[in-house]
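The block underneath contains the structure these notes are about, expressed in structure tokens.
Chain IDs A, B, C and D follow the sequence of writing; residue 1 opens each chain.
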Amino acid sequence: MRLGHDRDQQLFAASVRALLGRECMPEHARAGFSPKRWEALAGIGVPGLLVPGQYGGLGLGAGELAAVAEEAGRACAPEPVIEAAVAAALLTHAADGKDTGRAADWLRALADGGATAAVALCPAAPVAHAVHADFVLVARDDALYGMPAAAARIVPVGGVDPGRALGRIDTVVRAPGAALLLATGQGAALAEAARLGAIAAAADLLGSARAMLDLTVQYAGRREQFGRSIGTYQAVKHKLADVLTAIEFARPTVLRAAHSYDHALPSAARDAAMAKVFASDAADLAARACLQVHGAIGYTEECDLSLWLRRVWALSSAWGDAAHHRAAVADDLLGPDPAPACPPR
Amino acid sequence: MRLGHDRDQQLFAASVRALLGRECMPEHARAGFSPKRWEALAGIGVPGLLVPGQYGGLGLGAGELAAVAEEAGRACAPEPVIEAAVAAALLTHAADGKDTGRAADWLRALADGGATAAVALCPAAPVAHAVHADFVLVARDDALYGMPAAAARIVPVGGVDPGRALGRIDTVVRAPGAALLLATGQGAALAEAARLGAIAAAADLLGSARAMLDLTVQYAGRREQFGRSIGTYQAVKHKLADVLTAIEFARPTVLRAAHSYDHALPSAARDAAMAKVFASDAADLAARACLQVHGAIGYTEECDLSLWLRRVWALSSAWGDAAHHRAAVADDLLGPDPAPACPPR
Amino acid sequence: MDRLLYLTLCQIMLARVTDLAFTVAEEDFRCEIREWLAAHVPREPLPSMDTAEGFRAHQEWERELYDAGWAVVGWPARYGGRDASLFEWLIFEEEYWRSGAPGRVGQNGIFLFAPTLFEYGTEEQKNRILPPMARGEQIWVQGWSEPGAGSDLAALRSRAVRDERRGGWVLSGQKTWSSRGAFGHRLFGLFRTDPAAGRHRGLTYLMADLAADGVSVRPIRQLDGEPGFAEVFLDDVFVPDADVLGEPGQGWNVAMSTTGSERGLSLRSPGRFLAAADRLVALYGQVRAGTTPGRRTPDTYRDAVADAWMRAEAYRLYVFQTVTRLQEGGVVVGAESSLNKVFWSELDADLHTTAQRLLGPHAETGGPWLDGYLFALAGPIYAGTNEIQRNVIAERLLGMEREPKGGRR
Amino acid sequence: MDRLLYLTLCQIMLARVTDLAFTVAEEDFRCEIREWLAAHVPREPLPSMDTAEGFRAHQEWERELYDAGWAVVGWPARYGGRDASLFEWLIFEEEYWRSGAPGRVGQNGIFLFAPTLFEYGTEEQKNRILPPMARGEQIWVQGWSEPGAGSDLAALRSRAVRDERRGGWVLSGQKTWSSRGAFGHRLFGLFRTDPAAGRHRGLTYLMADLAADGVSVRPIRQLDGEPGFAEVFLDDVFVPDADVLGEPGQGWNVAMSTTGSERGLSLRSPGRFLAAADRLVALYGQVRAGTTPGRRTPDTYRDAVADAWMRAEAYRLYVFQTVTRLQEGGVVVGAESSLNKVFWSELDADLHTTAQRLLGPHAETGGPWLDGYLFALAGPIYAGTNEIQRNVIAERLLGMEREPKGGRR
């Protein structure tokens, strides 16, 4: 029994943290996706984290990804770290060990930083990082399709977090045949990839929540009202204490989910769901509490807090929100919900 | 448009308050049901509040009952005020204007204080105030049965609130035929009586919650820790401010529910449900907050707070808890819930 | 008994019976405004009032309301109103928000400043200021907060220095979080006229022209991307005596009457939340039916939708109770407005959070629900943070002791 | 490379890889305790340990545990333990609570006092005190709170005066909220030995015999009707020097190590909540199936049941993380135990509230869920209120500034 990032994961996370500490200050994060920063991240292996060594990647797992995604959240990096990992998992299955073919080519391009990916597991919803993606993976039933961005008719869509660079992939929605079929019979691989996305998003949310908390503790220590810093008031202290508690108890669930994913344990689906429940709830709590403690200034674009607020408002619902995953755990624990979901549309 | 107790209701409530202020101090409430206090309440018309004038009652409505029940809650009076009112409503329907018969007799006995009632609308659950009831009304399908307590084989049942004098009516459960059939075709009357019980319980909970809040504000002003009264700490203040807010916004919903009941408005069922949602939630919040502020002393029997805690823990769930009534409002508002309740047992 | 006295007594008694129906006249009033709105509310939403274009469009809408007599129903007719009762005003608000009519660009003037003006203004001030406010010609901007004075309003430092020669005051300092400051015309607010006096003393309630010499305005972008706030810098801005409201040095008392109305009835009538709750119920149905893209499991939020709707109703009933007391000559203490503020702001935040959850993965792409969500999250902050409101509730309504002083100043 | 060094390094590296499986030895340990419990846990629950009869029955159970070597698994064998690792202790706790075994009547001695004794006790004290504690013969009672010192423990006023002649101390004063005080044997707690010293100074950690001359005990009935607490009055009670723990005057530091363990791992192991969560899941199924009388709409509480179960799991994982850090020589600061305390106490209160809701109209008639509910509501109060814990979290883990002094003393 050992629950904690291992030393390699800690070292890897530290190098990502150092890189983003230099290259992704709030003023950089504000400017959105940076090809230069992506290249730097590729230099230390981030986009190829889950790409097998055979294709030039590091062949690591969800444990490393969680450590890295937490740093991406902490720095509010607007790069598609989660999407690269999910694409790597999907393409690895589709390539099925072969050295040639489109899936293998894209795996190599991912690993060397030459291409960024967007992933549309749920075709009707807007797709994150589609606007600057080089290729797009699309799931339809149990098949995986892919297409170069140039062929995909990607329409930028406004969103609460400009750093997500949302796009709607019209081609796919209207004519899935226009995309290249990469593999069929991918049902299990698609479900696994969705879990990986949820775990990575959960880790990102922990980093984002902690960054908001740190900003807010600093602000509360600086801001004076009624002759003392607002951080001395119990109403402020207790709110932020609850945020810390939520973050700290969410983290081990994310580590466990990553471990279950990497070892393909029978509880992997439930563990991923649980991690996203705790991380989304912690980040939502952090967003509301930190905005409240900042007061009006938190409500302005010029305040750095707004970068993370936007990120959390989007990411806490992406890859399944807390209610979605809570219901999944309930189904697993208590038997299926007698109230079926609405029919798929 | 006028929302508030009218003058008569206020005067009536004031006389009940004065009586209970004398006769139902905490040390009296602690001793449980008092025939003497019940006689005094009968003297000012409380048990006959809803009994028609024809049978010697006051022929008033839910508006007056709500004003009185709030006072009963405030004083933690262990008398069956709600049960008397519900029994009056049921018997009035069953008597159907006739001057003779068992229903008419019991109405007269209720009004002059000569008999107390217990009401079992849901036969499987324990029945409040059954232990000292003179007669018991029991609903089965759409029929109303009644029997003198002597014939009813009432088994006392322990409960969180000794003031509720719970009993299980074994005869009825095992042999409904042993009871006297008072009337059939009472479906609507039974539903209406359940609404009246919910409204009265809601009003009682408001009074109970307010009594706990007042006790706790006093205690917080007296108790010193770290060199100042604990009532000066924001954590304590804000908790109690939330309790007051919950109570104050629940009260108009109770008044409205009583008005809708008295005028048999189409929204009467929904309004009663809504009142019980707000009142149960407010009282539950008050119980948890007031216990917390009292600390260990609130956890002892000798502290007066415990009287109301027990009352609220029982009454917030009796006559339908907040979740039950919230679901009823949701069904009315959003269409029926796709998840049916468990089959009736 | 004298017949007139008898009838009067009957009326008083009748009026004091709980009666949750509106009168025939009130129902007629409701029909009238409902029909007018159905015919006049723009089919397409106006552009955001925090853009130059939208600001003008909203001013035009205010003029249209005014011309039809709906701009300020509760005001006396001589200033552009129709002498409506408080209940009629509540009815107007219910219908206004239910119809989907545009937000009120003049709201800070109409709902925050005007009540103070009615209480403290001279006849000359009322005649000069109220009609153009009602017509939407002059949009008023609040000048309360300063960089160092938010929740702690009494810490403000902007100054007004007496200018005997010109017969007025010279303002200097900085105001912030002034809604509509980027496009509005005039500012009302508090200025320190006696720096030697204590925190709440030596303040004066003044008005200033945002086009005057020495005023510069810096728009601040909000989370929705629009400059909804502004900072207002005042550098030796002259204000004549005619633009002092109330007595010099009495500004705190004058201002408290405004913040009382702000948190009380006038800023956030129940109509706004009733309309939002009805839209939420409709959204639930649409998501369930698949006519609006949203989460696949809307039933998870059944209880939350019902709760939001019930809380909006409860707020409505609470306000009816308050107005009943006011009409019967009861005293409604200012601190009760803190209960209101906490209740509606948390209701609004939770209601819009539920809407976002119903939209699920589609929530982030924006639209009216996202705008409403961002605005609702500001509710627990503006008009006095909910933390301050809870202090007020505890100290003034429950009589709890204040925190001991002991700051470092 | 030297082969031994190589193997050691491999072991270190291996030990540092995330690995959420227990070792074979640990799983064997789990089987052993599970089988023993299955054979020995009383079929009928023992009477409440807060009655005279139940107290004796629980003491007998402790003896049975001791004889089988399960009373204090983590202690050294020479005091009655079996030198179990922290992970083995967690496994023991999981199995113990899951089996439905009786509550530990000696828990305040074993889990609160003993850790302090291990840290500060002399060899003589440990040899004298620990074995009878492990056998359940001597039940220890805590003497922390006083009528004027609850959350503010440093305000305590009970005194110990030096008696040079007899070589010891003379205690006087009043302790309260002493669990098991009505039937227990000995008391541990803090006493003021230097009244002139500051609040946290001049305190001494002492033990006293509840049968000694000058001790009187007043049982206090709790909400469950049983005397779970007592007040202990001390009137010139003599305590020999051998019953001082640590140095005289150093009581605060000694005590803080105990409250650290109390809020930290030892008082509330995850096993207790995991077992309660599993019972809640079972209750949901029974109410749904109709085999236990409960509410007609248990589905309303699906999410709440799942949440309680997940929070118990999260607490378990968090403790695994903490033990991992401890085993790798990491420092776990005392203030982290405040995170624990807030988390498990709120989890427990919410879990039992959900159970009560599932029982619906049958909740009020009592039984183990009602008892559990009443006990769970005390969780946010005892062992330092959650308000104090949140101060500690904010000030010591987030580094926020303390409130300015400014009391009236």
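What we mean here is this: a contact is a pair of C-beta atoms (placed from the backbone, for glycine too) under 8 Å apart; a residue touches a chain by one contact, two chains touch by 3 or more.
If you're wondering where the values come from, they're calculated on a predicted model, not measured in any experiment.
Colleague: Have a look at B-D versus B-C and report the one with more C-beta pairs in contact.
Modeller: Contact tally favours B-C.
Colleague: Farthest from chain C in C-alpha centre terms, which chain would that be?
Modeller: Centre of mass proxy via C-alpha means gives D as farthest from chain C.
Colleague: Report, in whole Å, the distance between the mean C-alpha point of chain A and the mean C-alpha point of chain D.
Modeller: 39
Colleague: Quick check: what residues of chain D touch more than one other chain, meaning two or more?
Modeller: 299-300, 303, 387, 390, 404-408
Colleague: What residues in chain B touch two or more of the other chains?
Modeller: 228, 233-236, 238, 323, 327, 337-339
Colleague: Give every residue of chain A touching chain C within the complex, in rising order.
Modeller: Residue positions touching the partner: 122, 124-126, 157-161, 164, 166, 224-228, 233, 235-236, 288, 291-292, 295-296, 298-302, 306, 309-310, 313-314, 317-318, 321, 323-324, 327, 339, 341-345.
Colleague: In the complex of these two chains, what residues of chain A are touching chain D?
Modeller: It comes out as residues 1-7, 9, 63, 213, 217, 220-221, 228-229, 231-234, 236-238, 240-242, 244-245, 248-253, 255-256, 258-260, 274, 277-278, 323, 326-327, 329-330, 333-335, 337-339.
Colleague: Touching chain B in the complex: which residues of chain D?
Modeller: 145, 148, 150-152, 155, 176-177, 220-223, 225, 229, 287-288, 290, 293, 295-301, 349, 356-357, 360-366, 370, 377-378, 380-382, 385-387, 390, 405-409
Colleague: Looking at the complex, which residues from chain A come into contact with chain B?
Modeller: 233-235, 238, 337-340
Colleague: Give the list of chain C residues in touch with chain B in this complex.
Modeller: 13, 15-23, 26, 87, 281, 284-285, 299, 302-303, 305-307, 309-311, 313-315, 317-318, 320-321, 323-325, 328, 339, 342-343, 387, 389-391, 393-395, 397-404
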